[in-house]
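Got a structure for you, questions after.
By written order: A, B and C. Residues from 1 in each chain.
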């Protein structure tokens, strides 16, 4: 009995820590800007693919480097996801502040495009994109310097867009024709790819009859480090202070000269970077594919709903609670616990599969919201709901 | 007739330990027009939030026409006869002024009544009359988001009248209005006072002088500092201290680390108590 | 004065009635056009697509009600759509000829079910099934709406909760092989009222039925949104907390609208199922529910016509593009989300109403400054126009 409970708690914590690391970035961004980023899962997926690429790069360098690729991969995943997040914020989200529902739709569009991107990315696509960006933004930069820019703005953008798209497409097809498969072969394709953990992460720590897998322990340590890092950043640095002040009162912060736009961009990049790290962690648990992000997204949203906005501790408690509940219900441990009481056992056995446990957890969340509609740690004061 | 329409006893409201209202006692006679003044952060808006049921008291009770309001939600309190005008005008921007007024004027506020009942012609006449009064007849059928700030203020006052509550709560009705509009608003309120009980919250002392017929209440740090006629209140040394005696007590150079404290001081709230960061600016 | 006022009022009523009659005429004409002429123009395959998309337009109307007018973005309409589809599909699955060896739907025998589960039994009756198509989604929506709205959970929270509900139902139906045939869903329908389902004439009857329901749904939505109820929905969208202080309780309104919109989704799902011949948990995946929203966004929010138009445009574009470029269809779709949200926030109909009118004026040389009719008579504006020029 006791070992099974321990096992439940440990595995639950490990699921919870993945949820936490995935939800952390989402919660910070949501707290600051009220934006739910539907592409958060896809940023995770990018982090996972980055890990895959880094692993293959290190494989070429051979031993003993390969054993340590994971540390480099964490950093790279953070950087890649943060950069994509930054582009997303600068390119899309900043035009939609104050319209959270539209942002939700727009980021969903982005998530679809990112999914398709990793499916079909190849050299032709990358070169084409680069040519397009170079021409379009370069051209725009040139045109912008003309004094009569405002007058010709509409036409200039339309012509530039068509021209650069045309040239980029032409370059792409020339490349595809001359080099053939080397250029057109997708990098990853639609199939899942596998990341193998370094050798020292294989196996586990035996406790009684159970084994605590090292990968899961690694993920938990990574999560703790991320939480501590974020805590330190938010509480102890100047930019952290700015982020907190904008979270509390955007207008007042702007009045005090805090560059709220920059704070937004930074926060969004930070949140996205955390998603990247989460993706790196997830890649250790199984194969990753273009749809990887979708599997996590709804659960992380629920963490934000349960945790409430604006407090880190809410996210932590929410993630761990959902993780443990999910595991404990899904594996039927509860059914075992209530073995003496037949109806309860039947009840919990009915929900004792991975997918059915989600049903019960959702039900519990809705019940929970009846008592705490604003989450575990709601913000109080006059302005709430104003 | 001169029964108390509103009685508030030992009212305390705290947000995470910060007492926005602290052991406040207050009562209003039926038919009275009362002006409430007080520096920023004194708890004026929270006071209105309590009466309208938006916030629930931590301790103490609020009785409207003898009924304790604790167990009623906002819409029930509104139906009992409490109407509120917000600090910044809140009208329905995608409806026309006429539709705004009709919504407020409507007597049957349940789901099915609003589906099945037609607007009685008496209501239509009331609405036309009100549009005349607030000077929006010629703009009655364009969307309210095209109105100017002053027109929105007036529209919201019109909605309050259309609702025809027994107790009107008016939060800074002349903020952002021109002198002429302020004067007209004052006249409107005075004429309303003949048939309604009204609580007005205001900063503009000239305006307070114009409308204050009877008592003026001064709030400070969540409790009643003093009550009396406008002249009594104006010469009360405590009031003068509260309004003028505050300075920024920081001699050292200002750094970003001090931002939260600075915010408090700028807002005029007590620097010792956190939680008022989200002050008037968030609502503005 | 009173006589004059009364006459004035009657005058207004008359003009209202006339425009209503004109609108009804136009709707009827379009419906007749769709029933009588379109079948002659399109191939059987395209006509079937048209029928499906018209069925989808009904759920789009529902989304327009809840999102366009009331401002609640539901990402859970896939649930109601699918439940409607299942309700009818269960009736169809029970059309077993008495001569058949097993009186159970074939998948049940496959999974070793020997007796029909109790909740399948009422679906023998067509009236019950037809009611269930509307009522089950409506009741579920009302229940879900009530527990969410009564706590004043709004905005993004409502959206992600409905999204979570979608995935929960998806999981549930996927996992119940014995009850609902799991992932495969219900398909392989044979007869309805004793007539073979896949007959061309039966399919045409479904097509006509779809149009009839679409017209009814449109009429219902018009009725709901035109009167005071509709104005209250807009008020909820604009400033819900404010409405409470005017003495209205928004919860009831929101629950009712959500339920109506759920019922519309259910009807839509049932009609869609009839014309595709399959309903499976797949239509409860997250993507489909969000797609529905984008149909409305493309057409134009809070314009009922826009919802229908958007559905047809996006879906025909989808079927053409995904035939031509199956690989990169997702790029198009994602781009569509971005484009509509960033550059066409009012959708096609909204654009036509504002810019489109200006454009026509410009092209026809009838360029004049647009003002509000009431401003035309405003003496102040008149003065300014005369003295300061246009």
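Methods note: a contact is a pair of C-beta atoms (placed from the backbone, for glycine too) under 8 Å apart; a residue touches a chain by one contact, two chains touch by 3 or more.
What you see is a predicted model, and the numbers here were worked out from it, not measured in a lab.
Novice: Taking each chain's centre as the mean of its CA atoms, which one is farthest from the centre of chain A?
Specialist: That would be chain B.
Novice: Among the chains in this structure, which pair is joined by the largest number of C-beta pairs in contact?
Specialist: Greatest count of contact pairs is found between chains A-C.
Novice: How many Å are there between the centre of chain B and the centre of chain C, using C-alpha atoms for each centre?
Specialist: Computed from C-alpha means, the inter-chain centre distance equals 41 Å.
Novice: Quick one: report the Å distance separating chain A from chain C, using the average Cα coordinate of each chain.
Specialist: One centre to the other, that is 32 Å.
Novice: Using the average of all C-alpha atoms in each chain as its centre, how far is it in Å between chain A and chain B?
Specialist: Computed value for the inter-centroid distance: 44 Å.
Novice: Please list all residues of chain B that touch 2 or more other chains.
Specialist: 54
Novice: Indicate the residues of chain C shared as contacts by at least two other chains.
Specialist: 241
Novice: Indicate the residues of chain A shared as contacts by at least two other chains.
Specialist: Residues 385-386 of chain A touch two or more partner chains.
Novice: Please name which positions on chain B make contact with chain C in the complex.
Specialist: Spelled out, the residues of chain B in touch with chain C are 52, 54, 73-75, 78-79, 83-84, 86, 90-95, 99, 102-104, 106, 109-111, 114-115, 117, 119, 121, 124-125, 138-142, 146, 159, 163.
Novice: Applying the document's contact rule, which stretches of chain C touch chain A when the two form their complex?
Specialist: The touching residues are 67, 71, 73, 147-148, 151-153, 155-157, 159-161, 163-165, 167-168, 171-172, 174-175, 241, 286-287, 290, 293-294, 297, 327-328, 330-331, 333-338, 340-342, 345.
Novice: Which residues of chain C touch chain B in their complex?
Specialist: 5, 9, 224, 227-229, 231-232, 234-235, 237-239, 241-249, 252-253, 256, 372-375, 377-378
Novice: Considering the complex alone, what residue numbers of chain A touch chain C?
Specialist: Within the complex, chain A contacts chain C at residues 30, 34, 36, 92, 95-96, 100-106, 108-113, 115-117, 119-120, 294, 298, 301-302, 304-305, 353, 355-356, 358-359, 362, 365-366, 369-370, 373, 385-386.
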